[in-house]
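Following this line, the structures themselves.
Two complexes, one shared chain (chain A), two partners (chain B, chain C).
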Partner chain A sequence: MKKPRPWLAPAATLVIAVAMWFYPDLVDAAGWPIFYLLFAYTVFFWTAQASSWNLFTGFSGYFSFGQGAFYGVGVYTVGVMVVKRGWPLLPTFLVGGILAAALGLSIGLVVFRLRRLRGEIFALMTLAVAFVLGAVARISSTIDGGQGIPLSSVPTPEALGTHPQMIFRLGLITAVLAVVVAQVVQHSRLGWGLFSIRDDEDVAETLGVPTFRFKMIALGLTGFLAGLSGAVHALQVSYVTIEEVFNIRVPLMVILMSILGGTRHWMGPVLGALVVHTMSDRLNRAGLEAVSDIIVGALLILMIVAMKEGLYLRMRQRPLITAIGAAVGVAGGFVLGPLDSAVTHLGYTLLGAVLGAMIPVGSRRQRPERGAPAAQAIEEVVGG
Partner chain B sequence: MADLRFENLVKHFGGVHALDGVSGHVGEGEIVGLVGPNGSGKSTLINVLSGHYEADSGKIVLDGEDITDRPAHRIIEMGLARTYQIPRPFSTMTALENVSVPLMFGSEPMSPGAAREAALEWLEFTGLDAYADEPVSSLNLHQLKYLELARALAARPRLVFLDEVLSGLNPAEVNESIEMVRRIHASGITIVIVEHLVRVVTSLATRIMVLDRGRVIADGDPTEVMRQPEVVTAYLGKRAQSA
Partner chain C sequence: MSLWAQSIVSGLLSGGLYAMMSLGMSLSWGVLKIINLAHFSFILFSGYITYQLAFSYGWDPFLAIVVCVPVFALAGMALQWVFDKLRISEFESLLLTFGLFIIFESVTSAIWTADFRRMDTVQNPYQSQSVWLGDLALPVPQLAAFLVALVIALGTRYLMDRTDFGRAVRALSQDRDIARAFGIDPHRVAMQLAGLAAGFAAIAGVFVAMSRALFPGLAVEWFGIVFSVVILGGLGSTLGTLIAAAIVGVVGGIATVIGGPPLAPLAIFLVLIATLLFRPQGIMGRSAT
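For the complex of A and B:
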């Protein structure tokens, strides 16, 4: 019986976060390109979004397409309140999170009260909320009015450094917050309650899990973290429009990242965000913008089919072959070149590790997915 | 104390009267056998009493407190636990994790760490401790039924509903399970057991309730109840009775 150490992961995350806080100074001192900061910020952004999505959907199994709505509420809170009303920036971030959490709780209050609501209907309802919000924002001139909002003039806190340094640090804070919350939840009663809801909600309820309350708490946390991250992201886009915010891109990306990385562990969305963003960034940089979505999409399908349990658990089950793969990736990077950027190096290393983990060698026992064959076999024996 | 009373419980599924005015009581220390032909409403009664289904009408009272409209997680907190006829383990968890879930909730919730340690005791009680870290997919039907038991007992109930814990088992496993039920009862837990095997019910139960088409047709001493003409008819049909 393994002894769980719930404090270990958050403590390690915080130590890494403190070290990373000074990364912009290193970039500055070493004269590295600013792109290194922006690349890292985008990984932080997707890490925060994917971790937030996974906290509710990955842990509880209720499939949500509502991520775009939470994210959009965050972006537009900064757009409307800071640009149009002149609110101070930092408190508005919190307001963005709180409004998105309130949206999550309102959706939950309606949806979870309707007892017989099936999974697909929940997914469609969350998708509809994003479109409805987008339509409302487009009509309402106090929000957007169809004109979009320019965000480049937002005054930013100087204490956090230049604009790229500031966006890096804000992104770091939101990502670390989302990851630590996910870590704490995963090892708490809330996390176990959500896992049992995911496996069998009726049984969870009859074993004492307050299913309604737990789903509400999780959806509220998801909304808060996604709204906060969206509010910070408003500083990274110079011009915000309805079409770019309330669309299907954010939900699809976080779903892909989380499922690729693995939804049962907090590390899954983190790894997924890193791998997916690095791959698509490098393909774009290589001048393959037109086909990069096709290549990334094909790779994702391959990975998800080959590793149903998710990349993270797969790598943990076979650390040796993953490390060999990563080493081959590093070496391959030198051979193939040109190594114009450390990000390309990272790309080759991740690709090597992923391909290594995918190699179908005899693995140790794996946990079954939902709808395990055992349950079906029982149904045949008992139900027949 | 575990004194459960229910009056005029009605539950319809579309046009089907699964429960058509069922009343009864379960007293402290009893082993009540709940029997009846297929579709007579036994499982529905357990589902309603455990809060899994909401009754259309009727009243459920535990120790003088009306619990009719309580959600299921509050009912188990008050000491009413149940098992499922077809085992429904949490399929992505190990056996130990399955049993630790009810320990984290209820009237005295434990932290996940403490729950894992306490869960091991219930796996030992049901003889599953060797499988603690196994995924549930590696357990056979007999073991999964015991896992259902361990999970229900881990909720520290005063009364437990056992829904066909013996069905699908071979004779040796049935005998072992009967002993298990006796041990659970001996530990001070009141039991309501649904069972098809009449031999088993009559040997275990202190009282038997017979359901037929959503109604209680007999309630009393096991051997006497099973001889009543209505019960024989319900089980075997008219000709058997006259023969």
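For the complex of A and C:
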């Protein structure tokens, strides 16, 4: 048994983040296409969204479809406050996060008081909230009024470089914040409490876990991080409309990313965001948008049916075959080439690694442990 | 005055369609413990088939019921068979059918494109007809949907209360193991019930196609209304679903008069919140024991 070192992951994340801070300068100096920055930003955006979703849903087991609402509150806060009211940008980011957190807390306040069907009603409630917010935004002309808000005129901070450099750096900060919060929570009392709620809430409550408080804290954090990331994303979209914000797309993507990567570990959503965004970006580039949704749906079903633990744990369990898969992916990329960009290469590598991890052979988990024939026999009798 | 009466009556009539859309969902969730988002896809798909039959072959929209019900009942049974084989939990069913829902949505846009599709007055003569009750107009598609919903709901209630099938269903929803000990085959009953629920979805789809234009994103818009009706009515309660659908329809109708169409979802949502706060088991649901 290794000694737990809870500070290790956040420290490593921060070191990597500091190194990545200078990546835009490298892109600039090497003359690489700006697309690399925007691609990286989108991965950061989804990492922040998926990590924030997983912080509550993955850890506590309460299923949320409300990511679109939190994200939308963030986007619209910037749209309304900065564009229409002329607020300064950076404090508005925080306001967006706080408003989204308040939304999360008010949903929790209504639903967590129920005794029965808390989980199911929470899920459907979060599904409904996005549509209700859409309706509110449509009615109220101070928010949107059905016209949409142009966001291209938002003044951006000069200190962070050109627009792509700035959006990259803001995305990096948000993603790192979300990931570090998830890491800290996972190794804290809060995290253990959430895991116990996920396993059996009634037992957890009997054992003295303050379930209501823990759920509210986690949901508030989820809302804050998602709203913050949404507010930053407002700088990336040039025009915001109700239909594009309060729809099913954001929740679908974060659910898929987290489930694909694995919901029991902070690394799951990060890996999922990288894999899913790279794949869908390449599919869209190849003109296969129509197929990409079908693949998303099928992948979700496949994960639920066959691989509940998610890619990250699976890969950690079978590092060798994952590495082989990645190597095959790299080689396949060269053979199949023309490799127009490094992103395509990344896509092949990830695809190889994912398929390697998914191959249903040689899983250590399924092999019976040696020296435990009695337990095995009992399991056979009881299980049969 | 007449405007108010008209909006209440229209709301009540749209409640018929809501009831039809929600009944199968309520049975599936309350008894089978499957939160079936594919139910919405079934409704929409059935609507598109109705449209296509009328468009290509000149079928009367009502006739489409004969095709859609068996097709979707079989689809629902097949889906339930898979769920049983996989032994999925309630939450997994939500996720799994979410995946199915997304696939269905892209298939729908691939076949029928993202454009609005609506039967014209030749294919669907009913959409411009109304029955007049004094100076209140009752549009024929909505009126028919309401009457059919009434028949379906009362029929389902009879089925649940008075037949062996209904007794088996109730036994299963109360205690699966004891029911098995008395010789009830849970898989068979579950498949029959799933077929029934999907059949209701198919009928709802036919009426949707009759009363409005179809587009692939339409199914998402029903989420809020149907789940409000299901929770408001109490899971698995037939009569509760009917009453809740009427309430939701009337509230939506009145809200539309007061503040225009965008206010309707907000008003319905507030009713839902109030229900969750003060009567979480729904109108007709039994309280927690």
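In this text, the second predicted complex is superposed on the first by the 349 of 384 C-alpha atoms of A that agree within 3 Å, B and C clash if a C-alpha of one lies under 4 Å from a C-alpha of the other, contacts with A are read in each partner's own complex, and residues count from 1 in each chain.
In this section, a contact is a pair of C-beta atoms (placed from the backbone, for glycine too) under 8 Å apart; a residue touches a chain by one contact, two chains touch by 3 or more.
Predicted, not measured: the structure shown is a model, and the values here were computed from it.
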First (chain B), second (chain C), both or neither touched by A:Ile301: second
Chain B versus chain C as contact partner of A:Ile248, first or second or both or neither: second
Which superposed partner A:His265 touches (first chain B, second chain C, both, neither): neither
Contacts of A:Thr206 with chain B and chain C, given as first, second, both or neither: first
Partner chain in contact with A:Lys215 - chain B first, chain C second, else both or neither: neither
Which of chain B and chain C A:Trp192 touches, first, second, both or neither: first
Touched partner set for A:Pro6, first chain B, second chain C, both or neither: first
Touching partner for A:Arg318 - first (chain B), second (chain C), both, neither: neither
First, second, both or neither for A:Gly119, with chain B first and chain C second: second
Complex contact set, residues of chain C against chain A: 29, 35, 86, 88, 90-92, 94-96, 98-103, 105-107, 109-110, 220-221, 223-224, 227-228, 231, 235, 259-260, 262-266, 269, 272-273, 276-277, 280-281, 288
Chain A partner contacts - residues on chain B that touch it in the complex: 50-52, 71-73, 75-77, 81-82, 84-93, 96-97, 100-102, 104-106, 109, 111-113, 116, 120, 132-133, 135-139, 141, 144, 151, 155, 167-168
Residue numbers on chain A that touch chain C, as the complex places them: 61, 63, 110-111, 113-117, 119-121, 123-125, 127-128, 131-132, 135-136, 138-139, 146, 247-248, 252, 255, 259, 290, 293-294, 296-301, 304-305
Chain B contact footprint on chain A (complex, rising order): 1-4, 6, 187-189, 191-193, 195-196, 198-200, 202-212, 264, 365, 367-375, 378-379, 381-383
